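In the two complexes below, chain A is the common chain; its partner is chain B in one and chain C in the other.
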Partner chain A sequence: MSLTAAGPPPMDLRTVPLPGHMALGWALVIATLALVGFRVPAADVKIGESYLIFFFHFPSAINCLNLFFFAGLASMYHLWRRTPGSDLWAASAVEVGVLSCVVTLVTGSIWAKAAWGEWWVVSDPRLMSVAIMFLTYLGYLALRSAVEEPLKRARFSAVFGSIAMLNIFVVYFSVRIFPVENHPMKVELVDSSMRLTQWFGAGAFLVLYTAFWRLRFRLLCAREEVERLDVEISAVRP
Partner chain B sequence: MRSIRLVAAIIRWDVIREMRRRDTVPNMILFALLVLFVAQMGIGPDRGPESAAGRVGPVFFWITVLFAGTVGLARAFSVERESDGLGAILTSPADLGLFYLAKVAATWAYVMVMSAAALGIYSVLFGFSAWGKLGLILGAEAVFSLAYIAVGVVLAAMTSSTGGASEVLLRILLFPMMIPIVWLTLRTSERLFEAEIAGGALGPPIRPMHFFAAALAFDTIYLCAGYLLFPKVLEE
Partner chain C sequence: MRPRALPVALSLLLALAGGLAAEDAAGRPGPGAEAGAGPGDGGGQMVMAPAQGRVPDFKPYIFWAYGLACLLIFLFILWTLSQLRRVEEKLDHLARTQGERRSGEP
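This part shows the complex of A and B:
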């Protein structure tokens, strides 16, 4: 099916208008807030009201892993095909992934203080592995800002993005290899409204973060174009 | 067989150059000495498993091995770029993956010399006396060093071409990726150094055999990733 005859495929993310995508993301996040406020039980029998932050902690955590995973795939694709778009998709995914990782760490830390009495528990493998992943991807952004030549920047970022992807598996397997008493491997949400809110929130944040991702991708494309034009102007200027 | 000869030739070339210039191993050892010397000033005169030296000494030791090792890693490629050795490698028909393995082996040998010297300095400054575990500690140093060198050589090849901030950037990229192996090493160090580290805050100690299995798994993954990705870094 040709694009000119039938138009672009309906599920192609690039064809969805960005303002509408962004508005939908925010609306769904507000709907998640409403679900947390009015649908789920106000307090858990074990840890009280503080469990409510889970409905924001979990969506950010799972989407942060998703974004870093896509960044890793795009990096490997760039090393294979050398398409400039794949590098920019990877870079923008890392930027938004770092944002969601900050949300995960902050909400996790607040929850830890309420549930365990400590802001930071060094013996918790999942807490530590997420923090390590966050620092690794901050390094990715530092690497991009340190290399000026676009082709070299894309190549180096793709190599580092591919190595950094190993972190996702470290995070995933950390509590399975080193089980601890405090961090739940699987949160027990007994009420169906809790499970609904958990996955509705995950979907809502996914829509919002993909809107951010597209926005950052457009900005990076524009920045690359400005850099290219700058080089061309410098070449013809007497 | 030809590949092994090529790797051996590159290692020999690297070692001969280091023996002539003496600018990597002595600098690493000096750096390790300085870090351990400064660290021991803050822990007081008491020695033994229950003292501050026993509780935080092994932490300083492993951090010293990691930090001093990055001095060697940073030199590994800055020397190549200064002498245009990379240009020669790139124009030769040699497999860049083999060049990577040779570079890892040479740097690993330098770091092992530094680690052994660091253990000697540590035993003097921190009162280390568990000599019965010497073999296990050297084995732990070997697998620990191999993990960060396997990744570090790839990262050093990248950062050496970024100009003035290359050494800082190398550390920024390398250290977060090494935290899992540092954490594993610290958790097994209670058995190796016969001391309770950080008041047991890191969790229960890991048996040395489990540590070696996990560390070797990290080493293998990092070496395979490095072998595959290193040629992508150097191609122009």
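This part shows the complex of A and C:
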């Protein structure tokens, strides 16, 4: 399969073999589960057993922001240089970012039910800003599927992706900006094994999600190639 | 090696490990647990107050949080791999058609 149509990516992840990358990601996530299962204390002093959800919630949340940030950078790079590869890197980062956002919302909602007794608190700025960010990036994906012409699609998506990046800062600073608070700015982890598991999990999910990102990039490249060949073949058809 | 069977097998393993780890962690007794206090304890609004002398059972929440997260990741990878397979088949077909067309040209 030829991937040359997409041009050079802004970050050359392709030098790392994909199956190995993915296997490493899975292994690290399983290792995170092992740490949760056998290493960290079973209950936190303040929030009890329910804090265990944090070790999947936090890594997904932080990597969701990372992926949307990378998507924004790739979008801006596309607006600057107009390389097709940067558009595809941005689109694939948004796709994986949406996955991690769903994981964040699902685990967060279950944790909210366990800790606060509510699935969703409408007055909470962090929750609502994440929901808005999620809907914004669904809009990005809808825009991509609505525009058929590749160059126009890439340009529109790049503008959208660059502006949508503002969401990340709103989400991050929402707890500081708005006075109402349910969601804490950060969860205080007293035990060193808790902090180790927190950051180990974040790293593990980063490795796994970047493998997914590369896989989605490969898929989008293949789709672009299919579109190009389709146009070429139908152009010479008598 | 194409990334096909490996992630599927590993994600199944992940789903199993997720369930087991969550079960095991939630089952262990914890030091000084005041279960029921919310994450917003530090100045925020707290919706749920613990019933007197009753510690809520968080096991189902932990199980569902980990289980659904693993399931979502698993479904995402299956969906991506099936899409990739279809697109690659179409790409091969189109490349073959184009090659035949070119070889047929004078």
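Points worth noting:
We take it that the second predicted complex is superposed on the first by the 223 of 238 C-alpha atoms of A that agree within 3 Å, B and C clash if a C-alpha of one lies under 4 Å from a C-alpha of the other, contacts with A are read in each partner's own complex, and residues count from 1 in each chain.
Going forward, a contact is a pair of C-beta atoms (placed from the backbone, for glycine too) under 8 Å apart; a residue touches a chain by one contact, two chains touch by 3 or more.
None of these values were measured; they are calculated from a predicted model.
Using the contact criterion defined above for the overlaid structures, shared-chain residue A:Leu166 touches chain B, although it does not reach chain C. Legend: residue contacts after superposition of the two complexes on their common chain; A:Leu215 is shown touching chain C, with no touch to chain B. After overlaying the two complexes on the shared chain, residue contacts for A:Ser50 are found with chain C alone; chain B is out of touch.
In the superposed model, A:Arg176 makes contact with neither chain B nor chain C.
By the touch criterion defined above, A:Leu229 reaches chain C but does not reach chain B. In the superposed model, A:Val36 makes contact with chain C only, not with chain B. Taking chain A as the reference chain, the count of touched residues is higher for C when chain B and chain C are set side by side. In the superposition on chain A, contact is made by A:Leu135 with chain B only, not with chain C.
Contacts of A:Val122 after superposition: chain B is touched, whereas chain C is not reached. With both structures placed on the common chain, the touch criterion links A:Arg195 to neither chain B nor chain C. Note: residues 180 of chain A belong to the chain B contact set and to the chain C contact set alike, using the contact criterion stated above.
Those residues of chain C that touch chain A in the complex are listed here as 1-3, 6-7, 10-11, 13-14, 17-18, 20-22, 24-48, 55-56, 58-59, 61-62, 64-66, 68-69, 72-73, 76-77, 80-81, 83-84, 87-88, 90-92, 94-95, 97-98, 101.
Touching chain B in their complex are the following residues of chain A: 79, 122-123, 128-129, 132, 135-136, 138-139, 142-143, 146-147, 152, 155-156, 158-160, 162-164, 166-167, 170, 178, 180. The residues of chain B lying in touch with chain A in their complex are 151, 154-155, 158-159, 161-163, 165, 169, 172-173, 175-177, 179-180, 183, 198, 201-203, 221, 225, 229, 232-233, 235. Looking at the complex, you find that chain A touches chain C at residues 1-2, 18-19, 22-23, 26-27, 29-30, 33-34, 36-38, 40-50, 52-53, 56-57, 60, 99, 102-103, 106-107, 110-111, 113-118, 121, 180-184, 187-188, 208, 212, 215-216, 218-219, 222-223, 225-226, 229-230, 232-233, 236.
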